[in-house]
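A, B, C and D label the chains in the order they appear, each numbered from 1.
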Amino acid sequence: MSNTLGSSFRVTTFGESHAPAIGAVIDGCPAGLPLAEADIQHQLDRRRPGQSPLTTSRNEADQVRILSGLSNGLTLGTPLALLIQNTDQRPNDYKEMIDAPRPSHADFTWQEKFGIRAPSGGGRASARETAARVAAGTVAELLLKRLHGADIVAWVDSVGSIEAPAIPMESITRADVDAQLVRCPDPETARRMEALILETKEARDSIGGTITCVCRHLPIGLGQPVFDKATARLAQAMLSIPSVKGFEYGTGFAATRMKGSEHNDTFAARKEGGIAPASNRSGGLQGGITNGQTVYFRVAFKPTATIGQTQQSVDFQGRPVTIEGKGRHDPCVLPRAVPIVEAMAALVFADLSLLNRSSIL
Amino acid sequence: MSNTLGSSFRVTTFGESHAPAIGAVIDGCPAGLPLAEADIQHQLDRRRPGQSPLTTSRNEADQVRILSGLSNGLTLGTPLALLIQNTDQRPNDYKEMIDAPRPSHADFTWQEKFGIRAPSGGGRASARETAARVAAGTVAELLLKRLHGADIVAWVDSVGSIEAPAIPMESITRADVDAQLVRCPDPETARRMEALILETKEARDSIGGTITCVCRHLPIGLGQPVFDKATARLAQAMLSIPSVKGFEYGTGFAATRMKGSEHNDTFAARKEGGIAPASNRSGGLQGGITNGQTVYFRVAFKPTATIGQTQQSVDFQGRPVTIEGKGRHDPCVLPRAVPIVEAMAALVFADLSLLNRSSIL
Amino acid sequence: MSNTLGSSFRVTTFGESHAPAIGAVIDGCPAGLPLAEADIQHQLDRRRPGQSPLTTSRNEADQVRILSGLSNGLTLGTPLALLIQNTDQRPNDYKEMIDAPRPSHADFTWQEKFGIRAPSGGGRASARETAARVAAGTVAELLLKRLHGADIVAWVDSVGSIEAPAIPMESITRADVDAQLVRCPDPETARRMEALILETKEARDSIGGTITCVCRHLPIGLGQPVFDKATARLAQAMLSIPSVKGFEYGTGFAATRMKGSEHNDTFAARKEGGIAPASNRSGGLQGGITNGQTVYFRVAFKPTATIGQTQQSVDFQGRPVTIEGKGRHDPCVLPRAVPIVEAMAALVFADLSLLNRSSIL
Amino acid sequence: MSNTLGSSFRVTTFGESHAPAIGAVIDGCPAGLPLAEADIQHQLDRRRPGQSPLTTSRNEADQVRILSGLSNGLTLGTPLALLIQNTDQRPNDYKEMIDAPRPSHADFTWQEKFGIRAPSGGGRASARETAARVAAGTVAELLLKRLHGADIVAWVDSVGSIEAPAIPMESITRADVDAQLVRCPDPETARRMEALILETKEARDSIGGTITCVCRHLPIGLGQPVFDKATARLAQAMLSIPSVKGFEYGTGFAATRMKGSEHNDTFAARKEGGIAPASNRSGGLQGGITNGQTVYFRVAFKPTATIGQTQQSVDFQGRPVTIEGKGRHDPCVLPRAVPIVEAMAALVFADLSLLNRSSIL
């Protein structure tokens, strides 16, 4: 509900972009999971600003501290409170937005809905809020690894019109992804994407793109019919990320142009015993439930709304204003969004894993 | 949770495709809403099988009965129980599926998850379950109309590779949509879609497509930050529909190829006072909250998994079997899915409307 | 929420006292539980009116029908819809209440809250609604028996000032309880209670009392800290029953007059291995979590608000009216409330049992 | 769920007694509520240890800090994170409990449920956790005052067998209550209670008691039928407080000995127009919904489980041990529990107030 995600593994995030702190409380993580701040810090570092010339020059350490729920390196089964102090606050960068809503930001809708909003930056609607998700998602990921040996890898699949070739879904690693600044594991494509982003930055503009994510070694049976299908939960989780405009899994939108006879995944016997789909156009999910194949999906990000160019708009009173982009923002959010997508996928599947007590047979 | 959708306007559906009945219980509908069975029946009739040569020849009356929560034509504020008897059951059509999971159906994952499944048809995973959603969604729609004067219209936007031209989002009506059997309001496109579907049916095959939906006259401010953004809730709702593989709103996946300077919606003063975005690439939703513009989104449906052609697969023991498609299914689910998409959108916004008590200012 | 109870084993009830039907939908019951309508019917028969001279002369068969979620006598893991038709409707008995709120009933508060209410009887606030709880609770009870071998027995502990002596908590059975019309298992006390109830009935009055309930063979560890302690959930469940005014568990209110040195349960080794409390003043619950001892608690019921005597009150417009009790109601609800208390306890513990996945150690 | 309370005004607490910090996140507090740390601090000071010779000599400042959700003294409608650092940690006081479960504490059940527990003190089961509730409850109280002009006052009604005379429910104030160290507003009774507590402390023992609480000026209509009646929610909230063994509202258990003809509240016209019950045996709640009268209820606390006397018990391996009470605990928790009861009542009614959108009539 609103700032809480999940039914069994429940995460509540808090904090505005320029408040003293942001953070997350995880309720429902089972006792006995080995956990350290360093585990979380690694993913936070992949998300934080200031990593490379491709991202914003803002520089926040995003140091996480675990305030509760842990003893001798093991979770207690009690709420884990994760805290990240906000450090690099420059409210002056945002001064003008008090009077005029920034184009394609949430300033207008928040002001209308709440009658008030954070005095600077995007408040809760800022992408800064996603740091808390990444922190919590990392705990979810550790749980999934512990329970099932599952792992999750996302990468930048396209930037603008530059699309990566087919990436080997079963073998791709985070190391492969991080080998490229833009986090597209295909080196040649990465080079072109990086050039486009730098060119866009030069033009004081921004550019969109897509991220593909795979979740491997999940057990069969995750996903609650009817409204909490894993597909539905993933879609909700991804669309809750700022700037996301679309979601598809398996063949996705391409399936709409296919015939059933070409699209269907028939079944085959497995060497290890049992049966499995012989192909994976279903994206690892049938009837919204994991089928033992690799889950894969794709997420669409719009170009960052904040740009360096001036824009003609109006203030809240309807008077013409010239919006000048002074904030330090990303020309392309995609590289930093990779760990966010991974975190949200981990939160969804950790919750579905704990919910999965479906049968006494 | 699982079979319940919504926080304030909560719908729980029940019933398998071949059980005595299916239905829905709505909890949280405010008292005082005028409601009659005929209101619901109209949308059920748009969803039911056997409407035209384009759809399955199964024929179910899908007559709804309101068992509780109503007095003298007004809702009491108590749960509305909606019941639809299952009538045209032919379990023999499904006999073989007891032994072999149908390709790209939920038979395999349900069997693995629950250790048991309904003896025939898709059980809860059957598209039949969506009749209960349509019934409940119609009540949600009446509530939205009463509270805000809102209306919702969906149509078939593509079938296979045949795409409709731009449809006038502000003026399109359900009558326009229903004027074509295929429910694409552009007559020329409709004609081509219908030909493709009939040809596909002839080939004992199936075909996918997309549905676009608009929600008009919603008030500003619907959508709960952070995880229950209207965008996130819509995505969840749409991906919970059987056969759906993708969701996008506003510019959607196309936004990924755009620059911020071309994508941003700047603001302008409104004649009626106040301000509003001057364009609507945001699809009526900024920061996941309605901005007073028309909400629009698009949903991708895969080709129906059940086809008339024989398919080579294996049974649950891994022995080769030939699957023969005997069930009476739709060559293209799109025309019948139009009221389902509308219903899910109505359920999402009715819930968000009742949740929207955000400020005491 | 409102008409739904539980997080994992979720029950939604519907139906007004004089609507076509009442019922319940259970979502979250695991697949594979053997279940038949007859199992449910037995507890419904213990609750239904017209059982003896001690209860109302209304006569409703309360025949339950399972509409979904069941196949070949096993639950499917899908929602179980339970339906009970309302048969013996005599709206005329309630005619006057349309104009004047009945004393100590919910007529006034419902009218104020909803601006409308069911035209006759108590609508959802009627004790009739509890039949749906008993139906659902019986399924919960079967699940607890299957999972843990648990059983639940409640009895009438006091009527007015007549109190039962100590009842042997470890051995008492439902057969012992049902051997007495008043459902107090001590025959001598039962005789006096029955006399008091008949005398009260004769005087066209009503009388209150208490019910004690034991839950045996529950596993250690049920109850979620902090707000969903088993104690807290039991209290909520019991106070949700119409006419209930109080709840206590273990030593309850008597503990307030005790010293810690006399109240504490120290621990002792068990013959079977492990340790257990050496006494049970804690009522089987420590820190809100089951400790392996028998859970016991007591529930206070006020005298039935509907009485045969005339009462001076005012109508909704404030004009003096004489309320005449014409409805057929119980002089004492206690005997029929026994299966309701059992059902609510079963619903609480079935939910807590499915929620109990607390540790991966 | 577990560490979260409420549906609309949702509070999640975190922190163990000896972790770095405890705290609460409030999600759902509307925007625009004036709030300052000092408002919260006042109630925390009423709860904190070390206030008087009647309470534990532990001394914790319990200084609250608001980390998010606030701007210029107004709530933003975003989550309010409230943090209290733990300062006075003396883990050595609790050393022995690692090996032996303390009698009538939660050590045994937590260890069994989670397979692990906090290394010292009661962890989450410690009464320390209630500081976070008081902090959050104070925000709820401010909201209720702002929305409805409501106020809440609790007091110690009995200690052991010493009971206060009837307290004037409509006029009693917190100042009256705080005028006595023991927080019983009747001076003569207070003197006797204080003597009993000091005598109990001297004997290294502990004693129980009851707290009565009134909630005034709540609007008519709070409380959601059927399972979320205000009565049910209050009972859950109170039984979730450590050491609580019982709850009753209005006439409570005494009602069980009454006749309907003496217990019923008939209605009368009000001078201000409208009607209201002419008496208040219903405790302000009919059908679980506020009726505009003062809500009152009573909560039973057992004697503190930690005592200074030695107790014979066994360790987790079943070996006899002598438990010596070295921790600094309260001989009677009642005085410090007064603000906890108030906080829990405020949390319940703030949530029910925001949920109360029942009618469009």
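Quick notes on this one:
In the analysis below, contacts are C-beta pairs under 8 Å (C-beta built on N, C-alpha and C of every residue); 3 or more make two chains touch, one makes a residue touch a chain.
Fair warning: this is a prediction, and the values are worked out from it, not measured in the lab.
Look at the CA centroids: the one farthest from the centroid of subunit C belongs to A. Interface note: subunit A and subunit B, two copies of one sequence, contact each other through mostly matching residue numbers (shared numbers exceed half of all numbers used).
With centres set at the average Cα position, the gap from subunit A to subunit B is 26 Å. A straight line joining the Cα centres of subunit B and subunit D is 46 Å long.
Distance between chain centres (mean CA atoms), subunit B to subunit C: 39 Å.
Each of the following residues of subunit D touches two or more other chains: 1-4, 7, 13, 31-32, 77-78, 113-116, 124, 225, 358-359, 361. Across the interface of their complex, subunit D is touched by residues 7-8, 30-33, 77-78, 143, 146-147, 225, 354, 357-361 of subunit B. Every residue of subunit B that touches subunit C in the complex is listed here, in rising order: 1-4, 7, 10, 12-16, 19-23, 25, 27-28, 31-32, 65, 67-72, 74, 76-81, 83, 113-119, 123-124.
By the touch rule above, subunit D contacts subunit C in their complex via residues 1-5, 7, 13, 100-101, 103-106, 108-110, 112-116, 122, 124-125, 129, 158, 160-161, 200, 205-210, 220-221, 223-229, 231-240, 242, 244-253, 255-261, 263-270, 273-275, 277, 281-283, 286-292, 300-307, 309, 311-316, 318-319, 323, 356, 358-359, 361.
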